[in-house]
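Next come two complexes built around subunit A: one with subunit B, the other with subunit C.
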Partner chain A sequence: MLVLQGIVDGILAGALYALMGSGLTLVFGVMEVINFAQGIIVVLGAYFTYTFASHLGVDPFVTLLLTIPIMFTLGYAVYMLLLRPIKRDRVIMSLLVMYATAVVIEGVLDLVFGGTLVEVTASYGTSSVHLGSLDFPNVYLLAFGLSAVLLAALFWILYHTKFGRSLRATTQNLTAAKLVGINVDHVSALTLGIGVGLGAAGGMLFGMTTPFNAASSYDLISRLLVIVILGGFGSVWGAGVAAIVMLVIEDVVAVVWSPVWGQTVFYLVLALVLMFRPQGLFGRRLARAQ
Partner chain B sequence: MKRRQLIGRLRATGPRRRGAVLVTAAAVAAMAAPALGVGTAAAHAARRDALHGVVTIGASVSLSGDFSATGKTTQQGYEAFQTWANEHGGILGHKVVFKFLSDGSSPTQVTTDYQKLITVTHVNFLVGPYSTLLTKPASEVANRYHMALVEGIGGGPSVFEAGLHNVFDVSASAIYQGISFAKWVAKVYKPQPVAYAAITTPFNEPIVTGIKKYLDSKGFTTAVFKVYPLETADFTPIASAIAATHARIVAIGSQPPDGEGLIKDFVSSGYNPTVLFEVSGPDQGTGFVKAVGKQNTTGVMWPNTWYPGANEGVVNTEMEKILEKEIHVKSVSLLSANMAEAFSAAQTLREAVDHIKSLTNVKLIKYMHSSSAKFTSVQGPVCFKPTGQNACARPFVFQWQHGKQLQVLPPTAPGSFKVMNPKPKWGQSKY
Partner chain C sequence: MAVAEAAPELLSPAEIDRAFRDPFSPSKRTRATSWILLLAVLTAFPLVFTNPAVTSIGVFTMFFLLAVVGWNIFSGYSGYISIGHAVYYGFGQYTVALLIMHLGITSGVSELAIVPLAGLAGAVVAVPVGLLVLRVRRHTFIVLTIAVMFIFQLLAFNFSSITGGSTGLNVSPPPWSGNDYNLPFYYIALGTAAIGLLTSWAVRRSKFGLGLLAIRDDEDRAKGLGIKVTRTKLIALVLSAFFVGIAGGLYAIFIGQVFPQFAFTPFYDLYLAVFAFVGGLGTLSGPVFGALLLGPLQQYFELQFGATTLYLIIYGVLFVVILLALPRGIVPSLADRYRSFLAGRWRRAEERRGVAGSGVTAGSMIASAPGAAPAERGGS
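And then the complex of A and B:
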């Protein structure tokens, strides 16, 4: 039964990480930018939620109506102001720009909020649904639901809209997309906006499940990068599967054996997968070189 | 070897060998200088003495990384001491100025920081960083330059096992911190399964293993013992494993944010242990309340040598007032124990320096090791074993009771309140 509880915990937490990682993989898919700021963006989203929820007294989910547009605008602005002007050594320079952005955001958060750990609270945040001896924490069930809705919306945008076609075309071949008249800059800016907006939603859920401060971003970004590498850079679907695989492995090993080995076993699985599929579970082999 | 002979020998060798000789000589000189306490150390002392009217104290604090929450409160404790000391004549009549560097919670950076504080900033004295993990490398750097490191938040066994004579911990050491709790459990409860978990840091894990060892000797059994790495972000599986045992007694070697995270998971799963002991987290005052919700604080216990409102004399009251004013907390009961630990370290340093009437670290170390050296800090009495541990420390256990942090163990100690046992169910704190 403990194994089953581990699986349940892993799936529920995995959905949350899938949402947080989706922005990272989406941005890489379109721009080939490893968004090192994704961890701090999630934390920024959590702080926005914390601030709005505590000052306006509204439900954390309602704050998404404010945080997603704000964060979307932030992402759009970062692309237009910081990434678009880069003309040479784009991959490495954009990596540095996003790293610098992360450091600046972390500094501002430290200045405004200090290092004290805070948490987003809600009345339903500390209760669970009990099925037999299994616990389904309400907050994780809601996180799972929101992740499913937002990821489904993302898939709908990707596969059923003109913008989605442009985005996928840009992902597949940047030069060809330009040749057929796609405004690549606009698509990229919107993509970063969406990625950062998804970070806002992920941040709200992260803040509801874990006490956090600005430094929480370091552990987050390392985990998100691992998820995206396992899933395959650029694959939203892959990030989702990888997040659930990672968290289920970690949680089952942690409850049955030891939390220390939970992460070790996961990294062993990651190494084995990359030996046979260097592009990750759902990544495309050298897509851009074709 | 005389200079002329040396030049002659160098001329007689080829350029390559000559270079090797010079490099070796330079390396030996560089290594020998600090060890012999000549050259570099003397030059630093001269520069330090040249700073008229100001005594500088250096500290590395964790303003980012894993310890950023507690690193900040450590800095606030030192800053409160700076304010207090300067209102009370400074050190030896000189104004006290702290020099802070940020270490990002990294043992590598903390080494660089203390090296820089000694050789570039030329501080007069050093006080410790946050955690055993960072205190150990810091004490090694200080030792290399014959400087004392007075600290209050690095009491894990590994700090003292190094055999250094320059490190002085003003708080209760890790191995003593859980014993009051373990003795109380063995007295109040019949032998039964106990659930343990601990983060793999050199301070937190030894406290829990110490409790376990004591309770094992009294016939208690281990329901589960989960050891988890520092970077753990998802505490649900650990909480699930503990909850599945239905153990009534839980002892966790936590530090922020895992202690808070585990409580939240216990709350949401409806698991209500009757005794919950956490090494760190509950001692963070307002930070703990914000993280777990004020309605879930009551009954949680933790070890320490100080609590807000402690009856430790005038200085303690003055320190609490300064902190209340400087960091804008609504009540002193929300102050973090790290602040008092940091304040105590600097306070003990000041008392020792005022006694020897000198800014020389070698004299300071010698005096602090002497049997006559006894100090009074906001955490209580301080005197040192040859290893640097505080032999006079009182390892108390505290408990949140309806919004207040109260000293509860040892039960016979002056100022102890009655333990709230069993811990009320989650959500039942009254304000």
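And then the complex of A and C:
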């Protein structure tokens, strides 16, 4: 029964990680940028929700109407100002630039909010739905629901809009996309905006499920990176599946063994998988040149 | 075929150097003099500025210098950017702390005497880590090194019976004070950094180093040319881990405490990469400049604004500005400026002489100038 509860917890939390990771993998797919700032973006989103919810006195879900546009603009601006000028060594340079950006955001958050752990609270937050002996916390059910809705919206954008088609074309072949007249910079900036926006939405849910401070971003980004590698860089589907698989494994280990080892297993699974499939579970073949 | 039996005629590195000598680069003597001058300045520094607050900034800078030079031996030359060298740093710290604790060492000199073991520990752990992470390339490699670093941090938290978990380990500091405390660390780190630099130089000039550069340019082709790529990369990683391990060992004794979150920290990983990048990746002097410029700055900001996280903001903004302004790093950017200045001066002088009837045209000289050499090599 413990194992079953672990699986349930894992699936519910996995959907949330899929949401946060989708932004990361999408951005990578389009512009080969490892957005090291995604962790702090999630935390920033959580702090926005925390601030709006406590000052405006509205439900955390309503704050998304403010948070997502703000974060989208931030992502668009970051691409245009910081990533577009990079011409050489894109992969590592953009990683370092995004890291520096993350450090700045972390510094600002720490300055404004201090280091104390806070949590986004809602009236329905503490109760849960019982089904037999299984426990479904309300917050996680809502998180699962919102993640599913947002991911569905993302897929609709990707496969049913002109922008989505441009985005997929850019992912497949940047040069060819340019040749057929796609404004690659605009597409990239919009993609970073969407990625950051999704991260912020994940942040609101993260803030409802876990106490956080600015330093939480390191744990978050390392987990998200593991999920994204396992899913295969650039594959949104892969990230989703990997998130659920990993969180189920972690939660099962945590309930049958101990929470500290649950986290370690998370990384050990990555090492094991990569020994046999260096391109991740759903990734394309690796690029030829080093 | 009989021809295949005979060893191919390979140019020695010295011959290659001669063939591709860059007419506008400083002469050997200028280089050697600059290095000796730099060493003299660094040696004299703590004797001139005797304020312990200043010398301790010097100590941290030397620790960074040592580690960045080590980092560059692997990541700079092979092009595999490791954001996980804190693994060797942390391993060095724990090795020293545990040895001092269990052997009951108390005298400062014998504490420092076991620091080489920290380097050894870093080098040993680099073998299994390398065998795992070197299976993948480019972005996956970068991210995997980060993940491995977090594995080690978690292991340090989890095996609390050995590592003390989150309470950490205490290292009884040597019974010295003020500058007597700082100077031994400063000079040991400086000396090891000098050894690291010599190693880096030897690697750069060896056939082994050429193998690393070939891997950086095109790994599959390097493999096709008969370079044992995995072995080459692994040896470079082990060498580089040795120096980072020593930096960790020295740091643990200097600070007197080891914690999982500070031994295996993503900050350290990124500092090394940024310092090397700012100086000039894969060059001999780049990491030195990077560490000497940014190391003290980082320490200064942390001391000045460390009470709040304002220093993070300043530092982050500074990073972004430097990375965007000098994308290739300080050393290559400045070297290019200097070369085009020299070439321009040379061309003007040649044009003046051209009036007097010289047979050589500026164009023919430029063709053998630095930029042209790699193209010739690629074509042959």
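We take it that the second predicted complex is superposed on the first by the 278 of 290 C-alpha atoms of A that agree within 3 Å, B and C clash if a C-alpha of one lies under 4 Å from a C-alpha of the other, contacts with A are read in each partner's own complex, and residues count from 1 in each chain.
We take it that a residue touches a chain if its C-beta (ideal position, glycine included) is under 8 Å from a C-beta of that chain, and two chains touch if they have at least 3 such contacts.
In this text, all values refer to a predicted model and were calculated from it rather than measured experimentally.
S.K.: Just from the overlay, do subunit B and subunit C fit on subunit A, or is there a clash?
M.R.: Once both complexes are aligned on subunit A, subunit B and subunit C clash.
S.K.: When the two structures are overlaid on chain A, which partner does A:P259 contact: first (subunit B), second (subunit C), both, or neither?
M.R.: The first partner, subunit B, only.
S.K.: Should A:I244 be classified as contacting the first partner (subunit B), the second (subunit C), both, or neither?
M.R.: A:I244 sits against neither subunit B nor subunit C.
S.K.: Quick check for you: in the superposed arrangement, does A:V226 touch first (subunit B), second (subunit C), both or neither?
M.R.: Second partner only, subunit C.
S.K.: Contact-wise, after the overlay, does A:L167 reach subunit B, subunit C, both or neither (first, second, both, neither)?
M.R.: The answer is neither, since A:L167 touches no partner chain.
S.K.: Go through the superposed model and pick first if A:P278 touches only subunit B, second if only subunit C, both, or neither.
M.R.: second
S.K.: Answer with first, second, both or neither: which of subunit B and subunit C does A:A201 touch in the superposed model?
M.R.: neither
S.K.: So, does A:V120 touch the first partner subunit B, the second partner subunit C, both, or neither?
M.R.: Touch partners of A:V120: none, neither subunit B nor subunit C.
S.K.: Which partner chains sit in contact with A:Y218 here, subunit B, subunit C, both or neither? Use first/second/both/neither.
M.R.: Touch status of A:Y218: both partners.
S.K.: Pick one for A:G6: touches subunit B only (first), subunit C only (second), both, or neither.
M.R.: So A:G6 only meets subunit B here.
S.K.: Please state which segment of subunit C collides with subunit B in the superposed model; the candidates are 43-51, 169-177, 205-213 or 349-357.
M.R.: The answer is stretch 169-177.
S.K.: Does any part of subunit A touch subunit B in one structure and subunit C in the other, and if so which residues?
M.R.: Shared contact residues on subunit A: 106, 110, 214, 218, 222, 260, 263.
S.K.: Which part of subunit A faces subunit B closely enough to touch in the complex?
M.R.: Listed in rising order, the residues are 1-2, 5-6, 9-10, 13, 106, 110, 114-119, 121, 125-128, 130, 135, 137-140, 209-216, 218-220, 222-223, 247, 250-252, 254-255, 258-260, 262-263.
S.K.: Where on subunit A is subunit C touching in the complex?
M.R.: Result: residues 28, 32, 34, 82, 85-89, 91-93, 95-97, 99-104, 106-108, 110-111, 214, 218, 222, 225-226, 228-229, 233, 260-261, 263-264, 267-268, 270-271, 274-275, 278-280, 286-290 of subunit A touch subunit C.
S.K.: Once bound in the complex, which stretches of subunit C touch subunit A?
M.R.: Residues in contact with subunit A: 78-81, 83, 132, 135-140, 142-144, 146-148, 150-151, 154-155, 157-158, 215-220, 266, 270, 273-274, 277, 281, 308-313, 315-317, 319-320, 323-324, 327-328.
S.K.: Quick one: in the complex, what on subunit B touches subunit A?
M.R.: Listed in rising order, the residues of subunit B that touch subunit A are 63-66, 68-73, 105, 200, 226-229, 231-238, 240-241, 243-244, 256-257, 260-261, 264-265, 267-270, 284, 286-287, 290-293, 296, 426-427.
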